[in-house]
Each structure stands twice: as structure tokens, then as C-alpha cells.
Amino acid sequence: MSIEFENVSYIYNPGTPMQAQGVKNVSFKIKEGTFTALVGHTGSGKSTIMQHLNGLQKPSSGKVKIAGYELDSKTSDKGLNQLRKKVGLVFQFPESQLFEETVLKDVMFGPKNFGFSEKEAETQAKKWLKRVNIAEKLFSKSPFDLSGGQMRRVAIAGVLASEPDILCLDEPAAGLDPQGKKEMFQIFKNYQTEGHTVILVTHEMNDVARYADNMLVMDGGELAISGKPKDIFKDSEWLAQHHLSAPSAVEFGHQLQNSNFKFDTLPLTVDNLADSIIDNLKEGPHE
Amino acid sequence: MSKIILGRYIPGNTIIYKMDPRGKIMITFLYIIVIFLANNWLTYLILTLFTLGAVATTGLKPKVYWDGIKPLIWLILFTSILQLIFTSGGRIYWQWGILSITEYGIQNSIYIFLRFVMIILISTVLTLTTTSLQIADALAWILNPLKYINVPIEQVSLVMAIALRFVPTLMDETVKIMNAQKARGVDFNSGGLIRRAKNIVPILVPLFINSLTIALDLSIAMESRGYRENAPRTHYRALKWSKYDYINLGYFVVLTLVLLIFRTK
Amino acid sequence: MSNDIIKINNISYTYPDTDNPALKNISLNIVQGSWTALIGHNGSGKSTLAKIIDGLIIPDNISNSSITIDGTVMSPENVWDIRNNVGVVFQNPDNQFVGATVEDDIAFGLENRNIPRDEIDTTIERVLTEVKMLEFRKKEPQTLSGGQKQRVALAGIFAINPKIIILDEATSMLDPEGRSQTLSIVKDLQKTQGLTVISITHDVDEVMLADQVIVLDDGQVVEKGVPSQIFNNEELVRRTQIGLPFIYRLRNALIQKGMQVPVEINTKEKLVKYLCQLNSKM
């Protein structure tokens, strides 16, 4: 289930004084089963790209090919329901979309809209609530009685319960404590290894380094670059030009390289970095 | 929807934007009354010229005014046509039973038409060039005497200003919630009336809860920033009467005098 | 000690309609001009403590507890004076922006204190310059980014000239750029004007800015110390789930892989230097 953007441009409020370019001539491909990070600073067009994935926005020009659908400026809203079943979107602070009387009902809401039977929806909801670590005794509670972190997990279960082929998340861990964040990312990484495509919209380069196979960098509504994190993070000057920081491990690695360390491949994570440091030290002096 | 709640303010820089909203509101109100002074071709011509003059000072495209008139155009035409066929007097051009087109009928229907259009134009001038906040501040000033009968004008005007401040925030919030529910498979565009009505629940409940959160956060922030309900406060955002407001007033006084002189006694 | 600007003595607080207290017999002191990081997982009582210090909520046990701010014992009568000395930046940038425009929002706190209009005008200019937002003076909140809104919130607080500023997860909803800008502004003022800062945070890099770290767990103070003391305490870090800054994670990874790294190597600069020396010696 690959994703392809062909020369996609999107203009907000065309023909009014508020007209604004969302994205311009964006083309890229995402392979099935990969973990892709979509990065760029605020206002770079990331969320416009995200909303093109399930037809919430349709290209003003160009084409989006996703999950067997082709979206262009003429695509009508009718029939997009099944696309939205295949492409799950988790927006920033998704807990603000909860509305049902009970946790279980809220998680069943999506699957039911997508044509699951009552029973199937319940089975799916229970399965995913357990996987996001919500205790069974909370299923019948009002979602508004839960803690912020729990609400977040319920909202995410509400999207996962339909088991979309493609899952796109916008800053899913914002505001969570370190432990909550770690658990959250483990869930997404597992979802990918089970054969789904995951797209993560984020500012946090450490998360990108840790989890993503590919990255797309947006800047000023255009795709600045796409590729593997280890290639993109190499060029710190280029990153700075595009208002991006490097992951901490990369930054630290650069400092070591400026002195007497040599790395064959750029260490992206703490673990990589520690291994590379030890290898360097074993190889003996470089001066 | 945003147009209804936010008014139709279009940013600009002509002198009419620099006028005190209190003056603008009061003179617009009086202007609408003065429109009824016109009662012959000459006075209607003068009135039209003055109104177009006011429109011209905004420096805005005619289209935005047409947008103001458009929704009411059928009502205006309907009223004018009733005037046309039911007014009698003067020369008769056409007759069918009680319906007739007469000299006075034509005249009256044109007067009614102009009157309508001018009321809409002049109030549109006000709403296009004055922000909702300015209008709220001006109304608070105008209603200020009510505090002597224990109406809490201070609080009411602060509440109005904060409410206006949060309109765009809540609109954003609504769009976000709608998108999130669409992504969860809600189809707002199809289904019967009942289904559509049911689809509002997943929007209204989160919107209500989020508004409560905002209200709670805001009340804590306000208290932390030293807001006390009944303590005396200064006002930074002040309305100031300037030379432009004398131009406004002068324009209106001249119009009234001219109309009084040339109207048929 | 006389230079303790905040003295909290035996405070407990229970939220209405709950049984379990959010704070249990908390006592702590904060030195004037210091930066204190208040950490602990969600629900540990951090934000409750901030509200106590600002007098926004009243402790359970008034009779045998006390809060002293800048030498004044807090009471219902003087809480408004205390608030002149304490400014709080809250988490959500939107929900604390009261004014219709940037200048209006900064004016809000001054209007509440009945400051004359001319004086408000000059203050707005001063504080907007401090937070580098002067050109946004007439802008409406919906045109600003989260980071810019938080800088306006800071400006609104600087306008009152408080001695204490509390950042209540103020950077958690910001992007990295907004986060570092907000923090560097506060850090500058702490250094130049002797401001006392309390930052409530999950961001371990923000914790590294602190002189003193206080770890809360289940409404109680479980540890106090400089950042290195806290982050070197493995058992504490595991139990309270506070996470580790990059430098400690790297050090732990190196140690796990069989390297020796002395405890006093606790900053990026020191670790780079240490490793490079090691690399040339071997």
C-alpha cells in the first residue's frame, strides 16, 4: 500500500483576501511497511500534507495516490469513507475528540462508522484498549474521568481499532511524561513491524533518529529533501538553514569527529553512538 | 459562519478607519433616521450622493457592498413592486383590477428601493470599517450610564471583549474536531436529517468540554494576573475622539441641513 | 536562612471531590535568584504546588502550615500583594491570552493594578523589547505561533516586575525553537535581574538549567539536589520515571558496554574532552 504524491499543490481560501499557499509542487513516494518521519518547523506545510492523506484536503493541483485511491482537485467527498478506514489519522492532542459516554463506546465509534458490526467493533476496541495499556476496569468509565495521559491513549486506540493500513500521527507524545512517551512510541513501532505503514509528524529529531527509516523535510510549503535520516542528519549546515536541529547523538558525534574520532556511519541514537565510541577507542590512537 | 459572528470587518487605512467607533455608531443610527427626511427627487439625489460619498471613503471594492445587499435583494424588490402596483395617484400608465401602475407608484417604489439600499450601505460602511471589539467598546461606553442602576457594565464589557477574542480560537477548535471525527469515519455530507443531526453530537460534546477547559484555564490565568472582580481597573484600550470625528459629524450635519432645506414641506 | 525567598512549611492539599491528597506535608525552601526544577511524572503534584505558591488554592491544614513569600506569610488578606511578586506562565499558550491583541494582553495585568494609561504604554514597549516581540505589538493572538504567545505571556509577567516566576510546563506545547527561545529569555532575566525561577517540567534538558532539582512523587518530595545528584541516582530515576538527559543516557550506555566513566563527567563539554583524551592516549 504505497503512497505517492505527484506535484501536489494546495491553496487555502483561493480567490479571497485570505488566500495562502499551503504546499507547492510536492512529490514523493512512501513504501509500504516503512516508518516515515515528516518534519519541518511550524507552518512548513506538514499538516497540509497530513490532511491530504485521507482526503480531508484535496490537491488544488497534482495528484495523491494512496491505498488504491487517486485524489485530485475533482475528487468528491462521496466514497472517501473507505479511504479513511485504510488511512488512520491521529491529530495533535487527540484527546480533545473524545465524546462518548464510555471509554469502550468511544473506541468503537470509528470502527462502527467504517462498517464493522457492533460485535466486531467491540472485539477490536477491547483488543486495542489493552494494547495501549488501558485497564479493563476503565472501559465502562467516562473518558472525561481519566487522566490526560490515559485520555490520549484512548483516543489513539480509537484510531487503531479500525486497524488502518496506513497510520499517520501528529506529535502523538506532546505533553506526556518520559515514561508515557516511551510506551507510546513502542506501540507505533510494533504497529509498523506488524506490516503497517506509519507516518510520524514531529519536531523531535531524537524520535526521528530512533524510530524512522525515512524522512521528508518540509520547508516553506515545499519538500526540501527526502531520504534516510543518516544521510540527512549528516549535513548540519543544511539542517540549520532549514531551521532544524540534529538529534543529540548526531550533534555529540560531530563534536567528537571534530577532534580525533572517526565514524564510518553516522551514529543516530545513543546506542549507536556508544558503540561507535567504543570501537574508536579499541582501534587505538588516531593522532 | 465566520462572517456572521465576526462581522465583516476588512482592514484598511482610510480616514473612516481612524474615526471613533462611538461617533460612527451614533451617527450611523441618526443617519438611518435622517434617510426618512428625503421626500422628493432632489433630496433623494442629495442623500444618494452623500451615501456614495461615505462608501467611497472606505476605499473598498464595490463587490463587498454588493455582498451586503445581495441577501436582501429579493425582499427589497418585493417591497418595491408592492409599492409600485398598489400606490395610486398621478398619471395612470397601466391598470388591471385593483392593480395599477401610476406616476406616484413608480416614484414611491423607487424611493423605497433607494431607502433600503442606503440603509444597508450606510450600516455596511460601519461594519466593514469597525472591528467587533471597537463596536463592543463603543457600546459599553454608550451604555455606561446603566451602571447607576447597578448594571455591571465593567464586567459585561470585559466579558464581551474576551468572548470576541476567543471566537477565532473556538472556530479553529471546531474545524479540528470536525476533521478528527471525519478521520474516524463520520460523514457530514450524507444521510437523512436524523443522521445528520446525530452527527452533530461528536462535534458539540468535545467543543463544549474544550470550551470548559478554556474557561477554567482562563479564569486561573486571570486571577494569577491580578484580576479582581470589583476592584478598580484602568483601561489601556481607550477610545479617542479626534479631528476625524469632527469631519464625520460635520458631514452628517451638512447632510441633515441640506435635506431640511430642500425637502418638500 | 534569610535569603530563602520561598519557604513552604508542611503544606497538604486535597482537590474537592477526591480522597487522595495531591500534596502531602510538603516542606521546602527556595533561594532567592535560583533556578529550581520541579519534576515528577504526570499527577505527582507539581502543578498543584505552583498554584499553592501563587495563592490560587488554599492548603488543607492552614492552622499548622505556612507559606512565606519574600518574607511575608501568605494569608487571605495579602494574597493580592503576594501575586505582585509571583508570575506564572501556564501550559496552554492560547488559554492564558486574555487580550484582543499583544499590547492589550500585556496591559491586562497592569490594568488590574490600576496603573495609569501612559505608564502602561511605556511598560509595554519595555517588556516587548525584552522578549523580542515589539514588532508584533498590534497583532492578534490567532496570528502568533505557540512560542510567540508564550513570549507575550512572559512579557505580561515582566510588566509586573515579580521576584518569582513559575513556568508551569510552559514549554511543553511548543516546538523546539519556541522552547529554546522562551527558556533563554527567562535564563537571561534570572542572571541579570536576580529573578527566582521555578520550572515545572518533563523536559530533562530544561532540568539541566536548574541549580536545584526537587523530585515529587505521589504528592511528596522524594529528593532534592543539583541535577547531577538526581540523574546519577539510578534507583530514583527508575522509580519516579523522570527520564534522563542525553548526556546521562550516553554515559550509562558507555558504562553498560564496559567503559569506565567517572561520576564528575556530567556535561557535554566534559564528556567530549574526556573521550578525546582517552582516544589519543590509547
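Should a chain be cited, it is by its letter among A, B and C, assigned in written order, with residues numbered from 1 in that chain.
Criterion: a residue touches a chain if its C-beta (ideal position, glycine included) is under 8 Å from a C-beta of that chain, and two chains touch if they have at least 3 such contacts.
Quick caveat: nothing in here was measured; it's all calculated off a predicted structure.
Distance between Cα centroids is largest for the pairing of chain C with B. Between the interfaces B-C and A-B, more contacting C-beta pairs are found at B-C.
One simple way to say how far apart two chains are is to compare their mean CA positions; for chain A and chain C this gives 30 Å.
Chain A and chain B have Cα centroids lying 45 Å from one another. The set of chain B residues touching two or more other chains is empty. Interface of chain A with chain B (complex): residues 17, 51, 54, 56, 77-78, 81, 84-85, 88-89, 91, 94, 96-99, 109-110, 112-114, 144, 158-159, 162.
Of all residues in chain B, only 10, 173, 176-177, 179-187, 189-190, 201-202, 205-206, 209-210 touch chain A in the complex they form.
Only residues 133, 161-162, 164-165, 168-169, 172, 213-214, 217-218, 220-228, 231-238 of chain B touch chain C when the two sit together in their complex. By the touch rule above, chain A contacts chain C in their complex via residues 41-43, 147-149, 174-180, 203-206, 243, 245, 248-249, 252, 255-256, 259-261, 270-271, 273-275, 277-278, 280-281, 284-287. The part of chain C that touches chain A in the complex is made up of residues 41-43, 91, 145-147, 169, 172-173, 175-178, 202, 204, 241-243, 246, 249-250, 253-254, 256-259, 268, 271-272, 275-276, 278-282.
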